[in-house]
Each structure stands twice: as C-alpha cells, then as structure tokens.
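Each chain gets a letter, A, B and C, in the order it is written, and its residues are counted from 1.
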C-alpha cells in the first residue's frame, strides 16, 4: 500500500511541469488533474475586471513560446525548458535589442548565482526574463533576438472548491494556491496536501464540514471573500492556509492576527499531541493569504502551519525549489499527519447541550433501574454525571475525561439522546 | 419556651407514622398537618398523566393492608407495623405462592441484617416486600399467603407551596420533599425545617421574598419547573434543597452545578460566619432535586447544605433512620440556625442605587450645614461618602464597611432617601 | 515673549478684585474679561428657580456696600476693602445692635488668627461678616452700626461655555468654577488655566473636541448636567475639574469614583511622562464638581489633577490665599504644561480601523513594488504591518510603537488611506 506521502509526491510529480500562474491554461490543466482525484471538486472562475474591495481581477495570461537568441546564436531563457525563465504576465514582445537594453529586462540573484529567480508583474505591464546570475554575467555585447509569444484575454481566473458537508454548518476551511509555476515546496506541496486531506475526509462522515479552496494567491482569496465573506464569518470555525508543507525541515507556525483563535488553539494542541516544537513566527512574519483572511475587515480565524516557511529557506522562489531536493515523501507525510491529528482534535471539540429541562428519564429507556433500592445506582451514575454537565458550554473531550467514562460508550449514549431529540450539538 | 429544635422534633413525631409516598392519603394527611402550622400554605395537585419534559406524572397510589402469612401461620411484613415493609407503588396482589416465587419479591440488605430497606418502583408495575435480612434467612419452604390491598387512581400528586412576599420580587427558594415514608433524617427533617423557617420568616417583613415548596422528589421538582420555569429563572436569587438536615453529625455541602452561584456564595459566607467546616461534596455527588433544578436546561442557582448527606450515613434509606437515633433536637436546631444566618446574609446583600443625577441636597434636609465655612463638613462627610458610591453595583454590606459608618445610622439614612424616592434597591 | 504662566498670572491679577459669588455682577464682569480673551466664549444663564435634580437654582445676589461702625466710630469689615468680609448671599441689613447680638453674625478662625475666612450661605437666608480672629477679640461692648446693602433678583446664575470642535464628536471636558471671590489658588487659578488651555487648543486643529465650562461650583455643574447629561454621556471621553492649579507645591490627584476611567488613565500616563509623583488622594477625599460629575447617576469619567488640593493647604478658603503668596507664575505654568502633555497623550489615542476587507492594493498607489521578486518587499513591509493591525481596537500610539515606524511617515500614510476612504478613526 502506498502511503499518503507517496501518493502526494506522485501527484506533485505529475503536475510539476504545468505552467501555473495567476491564470491561464496551466492552471486549468492543474485543476483538471485535481478533479480527477477529487470528483466532487467544482471548477470555477472569477471574471476579469471584477472589482474586489480595493482590487480588480486581472485578465488571463497565456504564453506559448519565449526565448532569447544570443549574438552567438544560442537559445537561452527558453520557456519550454523552465517556466521560471519568463516573468509572469510578460507582455508579448518580439525584436532585436542590444545587451544594455536587454539587461533592463533580465532578473537574476547575485547571492544565489546558480538559481533562476521567480518573478511576476501582475499589475503593471512589462516583459522580462529570469536566469541564473552566472549565465547573465557571461552575456556579451551584441544584438539579442527576443521572442515572447504571450497574450491576454478577458476571461478571468480559474479556481476550484470542494465542500464536504458534515453534520454541522460550521466548517474547517483550507486554502491553498495554484498560481505558482514549477516550484515544489512553494507551491506544489499545498495543493497536493489539500487533495490528500480531502480524500481522507470523504471516507468518513465527520461532524464538522470541511472546505478546500484552490485559488491564486492574494487576488484569489480577495475575490473569494468578496463572494463569500458573510458565510465565512458565520461558518468558519478554523481555517488554515496550506503552503510550504512539503519539506522535512522544522515545522513553522504563523499565527492569526489575533493569535488566540480556535485555529491557533487547535494548532497548539496538535503540536502538543505530536510533541512538535515549531518555529513560532509572529503576525509580522505573515506572507500568504492569511494577510487577506485575517485583515481587520475580514477578521477570520485563519493561521498557517508549515514546514519551512516561505522566505526562510534558501531555495524559496527559485528554480532550486524542486521535488526531491526540497520536497520529500516524508516531508509531505509529516504535514498530512499534522493536519489529520488537528482534525481529530476539532472533531472532539463539540459542545453538546441537553435540550431538556430537568434530567431525562433514563428508567423508561432501560438505562436506569426502575426499582429504587440503596446501592442500586452505581452503573448508571457516570452516565448521569456526564449528561448533568452538558450545558453547551463544556466540550465533550473535557466532559468525557472528567466523568472517566469509556469514550465509545459515552458517544453511543449521547448519539441515542440526540436521536431522541434530547440533546443537541 | 420551647426551642425551634424542640418544635421541629415534636412536629416530626406527629407526622412520623403517616405512610408518605409519591402520592396518596399519607401525603395529604402530612400536608394538612403542615397547613395547620402554616395557614397560608396552599395545597395543590399535579394531574396524573401530565407530561413534564421527558417524564409523565404517575397515578396516585394508596394501600390499606399488606402482609405475608408464613407456612407456620405467622404474619410477617405487616404494613401496619412498618410502612417500609411494602415496596412503594406495589400492585395489588392476593395469592398463595411457594418460597422460591416469593423470594423474587423480597428485598433485604445482607450488609445491614437488622434493617428493613426502603424500596420503591414508581415507574414499573410490580409488587414486593422489604424485611430485615435475618428474618428473610429464617423463612422455610412451604406455601406463603400474600395480601397486598393497594389501588391506583388517576388523581395525581399532592404538593404544597408557601410564598412569603418581600419588598423585592427576587426570592430565596426552598424545596423539600414529602414522598418518603417513616424515616427521620431522609425525610422528615426537611419538611419540618422548612415549616420552622417559614414560621420565622413570617414574623418580620424581609426585603427578599421567600418561597417554600413541599413536593415529591424528582417528579415533583420536574412538574413544578414545568409550570414555573420562566418565573423561577427571573426571580430565584438563591435556592436550597432542604434534605437530611436533622442529625447532629457533620455539616455537608453539595454545590450547584456551576458551583459559584449566589446560593453557593451565601452558603460559604454562612459557613465562615458560623465557623463550620462542612464535608464538601462535588456536583458528581448530588442526589436530590438539585439534579433537576441545576440541570443544564434549568440552570437555577440551587445547592444543598445538609447534616449527614443521603447515602453517606449507615441508617440511610432503612428502618434504622429514626427520630432519636438519627434525628435529634440539637441536629434540627443546628440546621435552623444555619439557614437563619444565611438569610441574614442575603438580606444585607442589597445593591442600593442613587436614582438621582448628582448629589442629593442634604442641606435642605438638615443633614448638611447650610453655612459653608472651612472645617464644617466632618459630621456628614461619611454619609456623603456612603451615598457617593451607591451605584447599584456595590453591595450595602461592603459599602457600609468601607465607609466605616454605624450600620443603623446608615440604614436609617438610606431608608429616608428611599422614602423620598432618591434611592432604589 | 511672555510665558503662558506669566499670561495667566496677569489675567488673574486683572480679575482678582471682582466680587465673584454664586451669581451677580462680579461673575458677569469676570466672564466678560474671559470673553475678551476667548472671543468664541458663549455667555449663558441658568434661570433662578429652575429645578435641577434634587436642587433648585437660587436667585442672583448683588451687594454694593457692607461694613460695621464700631462704638468708637471705626469702620471695620468693609466690603470694599476685602470682599471676603461679607458672608456670601448675606441678606440686606441695617441697624444698630449690641456686641453680643453682632457676635452671632461674625465668623473668624481661632486657629488662623490673622486670616479672614471665606463663608457663604447660599441656601439659607442670613447675614454675617468675616474678620480675622485678632480683630474680633478686640471688639468692645457697645452699639455697633451694621450696614449691608445687598439685594436678590430672580435673574439667575451666569456661566460661560467654549466648545472647540475637533474631527471627532468625542470631547475632552474641562470644568472650572467662577463663584469664589478674591482668593487666588481656590479659585482664580482654575479659570485662568482654562482660558490659557483654550487659547492653545484654538491654535491647531486637533482630533478630539474640547469643551470648557466656567460655572458656579455644585449648583452650576448640576444645572449643566440637567441640560446636557445625555450628550455628556455620549461624548465625554475624559473630563477634568480645574481647581487649585496655581501654586508651586506638590501635584495632587483625586480620582474619579471608579478610578479607572480614561480620564484617570491619561492622568497617570502624564504623571509618568513628566516624572511627577503626585499626592494620590482617594474618592473619599473629593470635594469639587467631580462630586456631581461622578455621582452614581451621572457616572462620567471625570477626575482632578491639582497642585495643593483644596482643604489641604493652610491658606485655603481664607484671605491668605493670594497671588504671589500662594499662586505663582511657575505654579500656573506647571499646571499648563501638565494638561498640554495630557492632551498630547489623548490625541495619539486614536483607534484607526481599516474599513476595507482584505489588504489595500498598495501597488497601484506606488507604495508597493509591482514587480514581485525575492527580497523586494522590505521597504513597505513596516507599513503593511501597521495597517494589518488597525482593527479599531488597538490604539495608534501602540500600533506605531509596535511596528517601529517613523511617526510622521505613519501618520501621513494613514491620512492618505483615510482620504481615500479606506480607513476610519
């Protein structure tokens, strides 16, 4: 049997080459693979030009070819070789230009001379190429032929959503982003973990509902909130941004803005259960969609538990962030286990409430001796104790622990009272 | 002059022989004696068949004769000798049966071979006898003639209520139960203490209202709540279940479910005042009508201060729980003193509020010098201090202590302001 | 350039001789001088006979002449020499009386034999003179001719109000009293400090509104509340009674009734900033209009920061409380500096709130790089951090300190967001 880690790694390998960006064909192809894995995944679109709060949804970008021919006739920065070579959302361009003009359009990282950087310019029209600094330094004077065959269309941004209904409308919300091209930890790890968690959650009926959104970062979360903020405020019990969850290094934790939401609390409990001592960042270190979800106007209970945090590992946002080198089977498995444990915690955080005034009559249910004689109560006393404290303000986990009951016996008993309409949660 | 303890003991002796149960003639006769003591006591009835939350009010049970004739012709388990001999709510039965069949209907306590146990079966039809274990062991094979002349009627459960109105609608609620046959601590002590407290409270006009209910346990408190829960939630400041208040042993305290209600707080203060260090039980040790009053759906501030707690003294629920052996004049007196002290505490827990904006003009009331000259304020400064903090959020006890005023002077002064409409509490 | 202290001292010298009382010509002349200094000051009147809560606004009192001719023909207690010689609100009287009759109308301070005491009788008709105890002891038997030419008119009490509107309706409230005749610390210091603060506050546009009321003590604050209590409750963020603010001795602090209002908090912060360790009195030591403003029915956040507290310095309420001897340029300046520092504190206690859901798009404002490449965020990260926490619950002072931003840069940035409708405070 393959482990979840192996399944995630294989899925990541499959979608690695697709040219994801804020929008376009690479995103659509990525989502169609995910839909094969999750048949109930709904594929959706945000229309270009849509105003979302202070922002506007940009147009769709597609690119078929991009490269540079050097004075010596070499083809460099070929998009088909590595989709990081082109600045995301580059305008079409075709022309022959001098090295000095070309250099204004080239991006490299002097500190990481072997790495191709990841560069985008979504909201300001330009074009550009990215390459490793060593190659850049070798460029000689002369005429460079530049080709970028890209185009823009007012179709919008693709995204996808999977809602797994539970008994409760209250939901656990997972957000991940599908706008990054071929980089592994940031960001193939998030989408494949989300996919694997969704599969696991569909196997059983859980109490809470679970929602997964696969969106482009920033504009995607903004547009999603523009459509759903009121339901999100009502329903989201805890939310997590799934990003950078694929390497084996330390666990990292970026709190919600408030720092004490249920999402944060569940993360803490899970750290304790799994004996994980994560690197604890602060709100000032945030950097992904919790920026939007936790913004003062949204104020949602969303935080993020990662492995190596974006911006904090050397391969971040470069061609060095690859499967194998950064993301591993074990790294992905660790994140999967973390979130499944967290789900276990939230599922036992119910607050059952006896709907009845007074005690239920257990005698007529065969749960209490009809004959009252000294010393005859002991067997049911613990069950009586349990229901005597279920006032909707104490969580089931604590109530069961307090009364020392067998968990399964307690849950079966409560299920029966619920079925009879005497209990709610 | 007879003490309250003596009066209570005599009343207990008078109603001892009556065959109390959940319902029936013995209850009615008990209540009519109490009404003689408390002329304003209102006699009431819960109708049989009435649905109360998860329960149904049972039918009335009466019994005229019950006994067993042994093979040797002896009459044993004679109801007229001790009303504990018959299982409460026994069906009528008449017949001659073998010892082995009879034994299925006999109840005894092997651990307390001299005691007749107290057994009931309100909600499941059966018949049975109770006897001391030594006698049971002596029964020989042969034919036993069994007679139980009982009957059921759809008339309902008798109960009684006494409301003593105070200045405030807020009330102190006392609940006791009149469903136990001839046993002294559990439960003649509660009804006779309730009666004595009610007498004392009728002698003076108190600030709070006081209510006493004399009901059958469990079904009585449920049925009472079914009729009154909304007023109870509005009006009950503190409530106490009066039970097992007649012996001289330790004081016992069973908290409310929450544990920090005004009822609990007053009990603590009274323990401190009287230097009593009670056995402190927990909510898990509850066992009387606080089970209903404090149930999550009712959530009333009710606790219980007893002497020896039900279930915790050897004579409990047996023929050994008698006047003299368990319940004493001194034991009853101790409970009376406890609750009267508690009443003293609650009566000084008022939260007066100056209704006026600004200070009252004390000068025109002759309470402040009209001539303003340096050093002329000292006499009234303390009174001014007192009223300057009466904002409805500080209790009078504390306000008077803080300002160092003479209590009587302060109360007279406040009474005057209240009369003039400047103060409320 | 004259200091504020010097300006206040000169103003105090100018209005020193005017015969202030609860009402009358001296009050009107005082207020007209203040109006010359503060052209927007509004002169107002409370009608005599007006019921205000438990009180009634008294009639106006004026006096033209008052003196005593001794048996030896000397003129003593001449009102024109010192307006403290006559008991405030003395009835007119003219007659020749014996020393023993006269003595019932004379007031002196045996413990301060050189001081003329300050005596009033607003709410009970009488007449009287005040003189130093040494002079009183020298009076010999014989006929005394007494003249008091006073009169009462149903015109009412004069007062004045200055409102300086800010961006917010929330206001800082200053109350001072103009009912005391020629005494310096108590009470010329309050009105001249109020005047100077009002001048300073009119020089700049501040965020909060500021209100100054110049009223007679007690009845003035009561009458003012009778008209304005609802607006006061809505609008007053912090209030201060300005009294006894002119000497150089210790600072004194009388808390509000609650003790933890914003007014108290600002006073504490200002003490800390200025390294002042005041004499800390309690609510039981109150004595001026906070008695009314903080009364349970009004419950306004008002406290008082003084120099030497009324009643606590030897010259209090006597002819010894003079300019120069008690009140100094430096003393007044210290109080001015205290309250201006306090105003600085409150002005940075804003609670800005991002009105937007999600982050604002800083890129389109040229405040965020449009080209996204690793390491390109640092300059704007602090601004992003600042707005990411402006949820209306954190004060600007704290937010700026936390993010380590330059205050001016931060304020300019917030002003821009506010202008664009993205921020409110």
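Here, contacts are C-beta pairs under 8 Å (C-beta built on N, C-alpha and C of every residue); 3 or more make two chains touch, one makes a residue touch a chain.
None of the values given here were measured: they were computed from a predicted structure.
Shared numbers divided by all numbers used gives the overlap of an interface; between chain A and chain B this overlap falls below half, so the copies present different residues.
For the pair chain A and chain C, the CA-based superposition corresponds to a rotation of 120 degrees in steps of 5. One inter-chain figure worth recording: chain A and chain B are separated by 59 Å, centre to centre, where each centre is the mean of the chain's CA atoms.
Counting only residues that touch two or more partner chains, chain B has none. The touching residues of chain C, counted against chain B in their complex, run 52-55, 87, 107, 109, 117-124, 126, 218, 221-222, 225-226, 229, 257, 283-284, 286, 291-292, 294-299, 311, 316-318.
Chain A makes touch with chain B in their complex at residues 353-361, 363-364, 370-374, 384-385, 388-392, 403, 422.
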